[in-house]
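In what comes next, subunit A is part of two complexes: it sits with subunit B in the first one and with subunit C in the second one.
Showing the complex of A and B:
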C-alpha cells in the first residue's frame, strides 16, 4: 500500500550530481541528476524508445542521453534529439517528477503533479539550522515501510533491542504514555520519571544520577517521524517545560517505500547543546547509528516472517496504541486517495 | 508506576475529547463526570450504580480509536 500524493525523500543532496542516479520509489524506477546549474531533475528511468534505463546514459549539457540509441531528453522529459532523424514523435517523452531540494534532501512528488505544493513538505529544519548540530544518513531496509513506522511509534522496544545504547528497562515498565490522535497526525508523548539514564545519555550528557526522560514522537503521513528526545536531572522541572541541565535531541526519520518489501530510510540525529562541536555530533550519531542497525536487523527478520506466512493474526498490546492510530490514518488516506483516483478515471 | 496509556482524540478544529486510559490490568477507563443524585432524580436515571456523563466528542473518539 502506497500513498502517492505526498512528497517523499528521494535522495540526499550529495547523492545526486552530474552522473545519472537510479532509485526505485513506490515501485517506480526513477533517474535523478542535476543540470549544469545544479537544479535537481527526476525522470522515469526508462527510455521511451526501447526501455533501457536512462540511468545507464549520460548527461550532455542539461540533456540526458540514452545509452542505447542516443535519444536525448530535456529537463522536462521531452525528447529533443533522435540521432539521424529530424522528426521527433510527439510521444517521445518520459514522465518527469516534481523535485525540490530542502533540508539537504531531495524531495520528490509521486502523485498528481498539479497537487505538488512545496509548502506541504514536512518540516525537517533541524538539518540545516545553525542552532542545531546534526548529521544524517541513509539505510536500505529489506522490509515493508510500515514496519519502520510501527517501530518508531512504540519505543518500548528500546528496552530490549537497544539496551547497550539508548534503552533500559525503565522505558517499558515505568513510562506514562499519552497518545494524541488528530485527523492526520499522531503524537505519542512518553515520560520516564526518576529513572537511570540509558548508556548513550550517560556518555553524551554526563548524567551521574537519575533523570526525567522524555520521548515525544510526532507522526505525519505517510512516513515522517520526528522525535523530540532528551533528559534532565530528575526533579528539575522538565515535565513542566523547564529543560535545564540536561540534553535535548531530535531524531528525524523519513521513510520512502521502494517496493512493498523494501524501503529507503533517511534519518538524522540533531542536538541543541554544544552545536559547533563536530566531534560530539559524530559521537551522538555513532551511538544512534548502532541502535538503528539493531532496528534494521529486526525489520528484516520481521519481513522474513511475514513472507513465510503472509497476514498472520497478531496480538495488540497497550503500547501499540500509537501504532494502531497511525495505521488507521494511513488506511483512511489510502482509501480516500484510491476513491479520488477512481472518480477521476470515471470522468 | 505502572505502564499505562492515555489516549486523546482531536477533531478537525483541534478540539480535544476527554481522555481514555488503557491500564496495565486490561481495563479501559473513561474520563467523565459523576452523575449527581439530583440529576438522577431529574432525568429519571437509576438511583444506584456508578454512572458517568461523557462528552459526545468522547464517543466519537471511542468509535474512531478503539
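Showing the complex of A and C:
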C-alpha cells in the first residue's frame, strides 16, 4: 500500500550530481541528476524508445542521453534529439517528477503533478538550522515501510533492542504514555520520571544521577516521524516545561517506500547543546546509528516472517496505541486516494 | 480500604482532568475515573473486547474509545456503543467528599 499525493525524500543532496542516479520509489524506477546550474531533475528511468534505464546514460549539457541509441531528453523529459532523424515523435518523452531541494534532502512528488505544492513538504528544519547540530544518513531496509513507522511509534522496544545505547528497562516499565490524535497526525508523549539515564545519555549528557526523560513522537503521514527526546536531572521541572541542565535532541525520520517489501530510510540526529562541536555531533550520531542497525535487523527478520506466512494473526498490546492510530490514518488516506483516482478515471 | 458499605477512596478530585481518564484501583479491579460536565464517573478500565486499558483511549462526545480496536463506551452509563466489543462496561457509584473521590465496590 502506497500513498501517492505526498512529497517523499528521494535522495540526500550529496547523492545527486552530474552522474545519473537510479532509485526506485513507490515501485517506480526513477533517475535523478542535476543540471549544469545544479537544479535537481527526476525522470522515470526508462527510455521512451526501447526501455533502457536512462540512468545508464550520461549527461550532455542539461540533456540526458540514452546509452542505447543516443536519444536526448531535456530537463522537462521531452526528447529533443534523435540521432540521424529530424522529426521527433510527440510521444518521445518521459515522465518528469516535481523535485525540490530542502533540508539537505531532495524531495520528490509521486502523485498528481497539479497538486505538488512545496508548502506541503514536512518540516525538517533542524537539519539546516544554525541553532542545532545535526548529521543525517541513509539506510536501505529490506522490509515493508510500515514496519519502520510502527517501530518509531512504540519506543518500549528500546528496552530490549537497544540496551547498549539508548534503552534501559525503565523505558518499558516506568513510562507514562499519552497518545493524542488529529485527523492526519498522531503524537505519542512518553515520560520516564526519576529513572537511571541510558548509556548514550550518560555518554553525551554526563548524567551522574537519575533523570526525567521524555520522548515526544510526532507522526505525519505518510512516513515522517519527528522525535523530540531528551532528559534533565530529575526534579528540575522538565515535565512542567522547564528544560535545564540536560540534553534535548531530535531524532528525525523520513521513510520512502521502494517496493512493498523494501524501503529507503533517511534519518538524522540533531542536538541543541554544544551545536558547533562536530566531534559531539559525530559521537551522538554513532550512538544512534548503532541502535538503528539493530532496528534494521529486526525489520528484516519481521519481513521474513511475513513473507513465510502473509497476514498472520497478531495480538495488540497497550503500547500499540500510537501504532494502531497511525495505521488507521494511513488506511483512511489510502482509501480516500484510491476513491479519488477511481472517480477521476470514471470521468 | 473499603468501609462497611463498600466505599473506598480511590483518588483526589484535583487529579482529575476533563480531557483524560484517571486509572485507579478498586481492590484488585482496574477502574478508570472520568469527569464530564463536572460529574465524576467510575467504570471498569479493561475493554470487554481484548483487555486494552480504556484509560489510555480517547474521550470524545461523552464516550471513551478503546485505544486499540476502536470499541466505544458511554462514560455515563458504561453502555457499549461500537464494535468490536459487545459487552457493556461495569459502572460504579461515586461520592465526592472533602476533595476526595470515593467509589463503591458493588457486589
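Convention: the second predicted complex is superposed on the first by the 347 of 347 C-alpha atoms of A that agree within 3 Å, B and C clash if a C-alpha of one lies under 4 Å from a C-alpha of the other, contacts with A are read in each partner's own complex, and residues count from 1 in each chain.
As a convention for this text, a residue touches a chain if its C-beta (ideal position, glycine included) is under 8 Å from a C-beta of that chain, and two chains touch if they have at least 3 such contacts.
For clarity, every value in this text was computed on a predicted model and none was experimentally measured.
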| item | value |
| --- | --- |
| Combined model on subunit A: subunit C and subunit B, fit or clash | clash |
| Touched partner set for A:193, first subunit B, second subunit C, both or neither | first |
| First, second, both or neither for A:88, with subunit B first and subunit C second | neither |
| First (subunit B), second (subunit C), both or neither touched by A:173 | first |
| Touching partner for A:182 - first (subunit B), second (subunit C), both, neither | first |
| Subunit A residues touched by each partner, larger count belonging to subunit B or subunit C | B |
| Subunit B versus subunit C as contact partner of A:316, first or second or both or neither | second |
| Overlap of the subunit B and subunit C footprints on subunit A, listed as residue numbers | 177-179, 181, 318, 321, 324-325, 328 |
| Interface residues, subunit A side, partner subunit B - complex | 156, 172-183, 193, 318-319, 321, 324-325, 328 |
| Residues of subunit C that touch subunit A when the two form their complex | 20, 50, 52-53, 56-58, 67-70 |
| Complex contacts: residues of subunit A adjacent to subunit C | 177-179, 181, 316, 318, 320-321, 324-325, 328 |
| Residue ranges of subunit B touching subunit A (in the complex, touch as defined) | 1, 3-12, 14, 16, 22-24, 61, 64-65 |
